[in-house]
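Look for chain A in each of the two complexes below; its partner is chain B in the first and chain C in the second.
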Partner chain A sequence: MSTLPSQVSSGNSQPPPLTFSTSLFRQISPALYLQRHLLHSPPTRPNGRSPFQCRDFTLTTNSLSHAHGSAVVRAGDTAVVCGIRGEILTVAPGDDPSRFESYHSSPTSATHACGSRGAGGASWGGLIVPNVELSTGCSKKYPLGPPGGLAQTLSDQLHELINVTKLVSLDSLRIYDKGSDLDSTMKIKGYWSLYVDVLCISLDGNILDAAWYAIVAALKSSRLPLACWNQTEERIFCDASLNHPISLRQSLPFTTTFALIPLPNPEGCGDEAAVLLNDPDSYEEDEACEILTILSTTDLSTVQGHAPQSPSGRLRTRVEKIEKKGGWKIGISHIESCSHLAASKAAQYIQSLTKEQLAPM
Partner chain B sequence: MTSSPLTPEISLNPLPQSDGSCQYTCPTSRTTILTSVNGPLEVRPKDELPNHATIEVVVKPGIGVAGVRETRLSSIIHSTLQSLILTNHHPRTLIQIVAQIVQAEDHTSLPLLLTPLINCTILSLLIAGIPMRTVGWSVHLAVLQDGKGVKSVEGQTFGLGGSGGGDEMETEESEQLVVRNPGSDILSRAKSSHTLTFSKEGEILLIESLEYSQGSGGESADGQGWDISDFVKLAEEGKRICCEEGVEVIRAALAERKAF
Partner chain C sequence: MAARAPDRRRNNPPSHGTTPPVFLSSSSEAVKPKQSSRPPNEIRKIFLRTGLISSVTGSSFLEIAPLKLSVSVLGPRPLPRTSSTPFAAQAILTTEVKFAPFASTVRRGYLRDSSERDLGSRLYQALVGAIRRELYPKSRIEVVVTILDSEDEGDDVNTVYIEEGKTTVETKFWDAGRSERALGVVLAGCITAASAALADAGIEMFDLVSGGVATSFVDEVDPKGKSKGDAVGNKLYVRDPVIAPPEGKTPLATCVLGYMAARDEISELWISGKVGTKNGTTEMDELVDEAIAAARSARGVLNEAAKERVQFIVDKTGAASAPTKTEAMDVEMSG
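For the complex of A and B:
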């Protein structure tokens, strides 16, 4: 009954223009809101960045006193803490140490690891165990409960990254019997097993890059106790001081993630336009149809400002992993251009790592 | 077509109760996958989407109960299918895909399982009559440094031309060998592994490329990886396999079915 007068009045006068405040528009139509921003020239994202600009990040190492190594990484509103804890894995007499060092077996699922764990040992992959936890309240999308799909997928991805990049030198994880005159494999009395725990405090997109950067920084800053085999006691003893570093690769690999946002084509013909965004936040990730992750290394000498090795002046890049999920719009040319961007971002990461005073605790 | 040693063994609708099902055996690694597709079904209110169909992918392992690896596999397949299935044709419904790993050489290896899982899922979606934008085909390529002592089926291997870029340091890498759908013994010697999925039109649907660094880690793993121009060549080869041979395999498999 009450609607009748309003209908009459709207019929007589001009309908009120449909306007929203910016914050309301952002919430009720995220896809359109993002597209309007990106159709501007020059295209600017709602967060004020240009499409290929990544967020500034801060790194703090060794802020946790109980862990052997730790790092806090913050990129925009994504904040990640990574802690490294070393535990000693004793090689029982008669165990073959070579079994601990097999490269291509990478059991991750607890049930599937029975092949290697049932035999009482761990493979190469088993020596470094990453786990990701999305803390309660880090994002609206992940409520309290057992680890969801994202946390599980991330844990597996990080495990795979540690394995395939062979980030940690296996030799720095071995514990030797210094006194004996046996050959080198017999002298191995134990291993350091590293528990790499990543806790996401705040999640605003692109957690893989932040988590991987935190892991690399934490491993680089870790100091384990000096452990050696005591022949008389027949046990492994640790020195109280922490002065055994974990040796990593020289050229550290870093991941860079891009998200592809579809744009409507005004003419309605031909291929639909799309724009690639570097380092997407969660608002952009929700609207993205495609995610591209590139793991690449950059030659350290070129990063430190020496003469570039390749004549073209580009950074010499090696790609170690490409992952592209969902969608169909990213072509080979996109991947090529993104790999160059990933190289420059990797160089940025390396510079910040060397800048950060990796002071021993 | 069926006589070729590289044609997968496909049996359509082995499960008569489901809307569409398929059993797929990889010709070389003998990985066997059984998938069943049901849909459109009633969706749980929690998962309901107002203008799209919900896609649910469950990967069941061959041994034990599902773990982290299976969750990751199903999330990869889910994101690939999201762009293939026309989900807006059946809003507020559920399309449920269950994939069972029947046989595999290595039940933990992601690259060995992913290609058969995707191919089998796409075939069973076609049988179930789920509307799709296009069809895709997946191929797994392993790059080996040298082909010594590699036991392979005829036509399974091909060489990759000299690595481009004109970099003199890389000329010794020109003798790389690429193996299609390798088994676990070949994969364990591989330098890198690439799972590539292309649609019929040649669009890239999925890339899972990994470098397997050699050595005992640390500094010995430095300088590994591949140049992006090498990857482009490999992707072209993968595109050819998927768009020509893959589509032909789907066509031949569906042609044997007289009526849907």
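For the complex of A and C:
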């Protein structure tokens, strides 16, 4: 890096000093650039944040006219739009409706788990169909065209998150035959199937957190028209004037993502140093050697009922899922401190969500 | 849908297939479309902001009442170096228009359909002449438009009207130019937003292109009584029309164009509908003039957006050249 032939101009007697402008340095050696910033005291990231500081985010719900529910989430330079569209799945007369209703034991999920997709066949999904679209020109790095690796991974991750957390109570998606006096399972004539589409408008790292938050917020703000079975016509009709919300689980889970950046050893001895960054942007994500995602819930009643300003330590939180990609540097102590940060982030998320819900439309 | 094989790259719906909800309503309470109070020679308010996406060269976001779209410009960047790539003396422009699945009444698929491709090629026509492509040899410029929300037929598509217990599945009579008007407003928005994004990307252009739409309406006549004479006389031109026609009017023709105001040139023209030839070309001329007037109004917004952006950049570079506090805090980066 110390010699760039074009830099040495022949006219001058003295060679120019071998320094680069900050922006050039940022481009030619991103790892070193990031490390120098983080070794500084106090450690500051190139974007001006401290390691544990996350970006401010904004949430807007139900701004789209054709979706049953929608949310726009903007965190720094990452912006996603999530739209929910409900369509009707009519249960065939001989069919057992309960197979649609479980997240795991249904035949479709079972084939999924057995890896029929890995064997070369794609599988049909369940009632909730999340998909992420990244080929919207959201980033220079992401190519246009059919979904690439990142979009497919994200769609699958979000699908798994919906399944694992049992976010939507599936029995609220039932469509009944109101008139008949059969037992309750026979009265089920159809289901609402929810298409959850997440479009990334602008991509600058940590898309998972933004997408998941947008999905939760959009589902929470959704209103489905009231549907029921019409016996004379033998089909399902909706009433445009009546609608109902989708019932979600009691305490909503949120994800928080951290990136681990390795730092060079001071004298080549001792433990390898590293620093964890909360809510990484894409520049930092590129240099990260480990990614840690924590899914945690904060009790809704605590936040709503008591003072919203209560210190985060007193919130009742629960970690539901920890996912760690790559490496071995993140230890138990790291995860513990991160889960506290994740809890306070979840509290922030839920506060802005309730504020958005209470705001007049 | 259900018959097709599942998409391997996406999460798929249940194998039974799903249908969009069908609404039931009695014809008596059919909702009348809202009439706009704006005069016919005024376009709707446009919100246009550029440079919102930091990771691409140029971007813009446009909002006209329900229409919301985001444009990003990628490039100019070099063409891939493969043996099959032909030499290009001028930049290769590609335009893509995609509706979000939730952007219209009928849910759109993930693959681009024919109407989206058509919009893309019309957008290409509107922009290609304005860009100084000879300045960017062996490179490509990609314009990607994502439509998040749009105005279209409304819930009438899936409504069944019921009378006295007997259902009549009634496909509502759509006036002929309905989808053209809907697509026209979308295309005009695409053109305006895309040239704002190209300007934001710093790509050299001869002039900014702005989009304009106008529709001509005549008085509604009874299907039986054919009044021939006054159809020509009482013509109403509406700039930037909404989907619902004005009270008691039927649409005749819609004109969409891309217009370069400083050069007084039309880069793209799309007229659909009935344009009379009785008076020579005066009817068409009037319609085109109305659309140009609409495009001129949109140009004002475009200029403001470009000016705002330039001001922002000037302010930013001006602040950076003076030693500020943030720069003083920067870490030494020599070596």
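By our rule, the second predicted complex is superposed on the first by the 307 of 361 C-alpha atoms of A that agree within 3 Å, B and C clash if a C-alpha of one lies under 4 Å from a C-alpha of the other, contacts with A are read in each partner's own complex, and residues count from 1 in each chain.
Definition applied: a contact is a pair of C-beta atoms (placed from the backbone, for glycine too) under 8 Å apart; a residue touches a chain by one contact, two chains touch by 3 or more.
For clarity, every value in this text was computed on a predicted model and none was experimentally measured.
Between chain B and chain C, it is C that contacts the larger number of residues in chain A.
Contacts of A:T298 after superposition: neither chain B nor chain C is touched.
Contacts of A:N278 after superposition on the shared chain: neither chain B nor chain C is touched. Once the two complexes are overlaid on the shared chain, A:N206 sits clear of chain B and of chain C alike.
Contact with neither chain B nor chain C is seen for A:N62 once the two complexes are overlaid on the shared chain. When the shared chain is aligned, chain C comes close enough to touch A:G126, but chain B does not.
Touch criterion not met for A:S221: it reaches neither chain B nor chain C.
Of the two partner chains placed around the shared chain by superposition, chain C is the only one that A:G48 touches, whereas chain B remains out of contact.
Contacts of A:T256 after superposition on the shared chain: neither chain B nor chain C is touched.
By the touch criterion defined above, A:D156 reaches both chain B and chain C. Of the residues of chain A, those at positions 108, 124, 152, 155-156 touch chain B in one of the two structures and chain C in the other. For chain B in complex with chain A, the residues that touch the partner chain are 61, 63-72, 75-76, 79-80, 82-83, 107-110, 167, 187-188, 199, 203-228, 231-232, 235-236. Contact residues on chain A toward chain C in their complex (touch as defined above): 1-2, 17-20, 22, 25, 33, 36-37, 40, 44, 48, 63-67, 70, 77, 79, 81, 83-90, 92, 100, 108, 117, 122-127, 129-131, 133, 135-141, 144, 146-147, 151-152, 155-156, 159, 193, 195, 197, 199, 201-204, 225, 227, 230, 232-233, 235-240, 282. Within the complex formed with chain B, the residues of chain A that make contact are 101, 103-114, 124, 149, 152-153, 155-157, 160, 164-172, 247-251, 253, 289-291, 296-297, 310, 317-332, 335-336, 339.
Contact residues on chain C toward chain A in their complex (touch as defined above): 5-25, 52-57, 59, 66, 68, 70-74, 96, 98, 100-105, 107, 110, 142, 144, 146, 148-151, 155, 159-160, 165, 167, 326, 329-331, 333-335.
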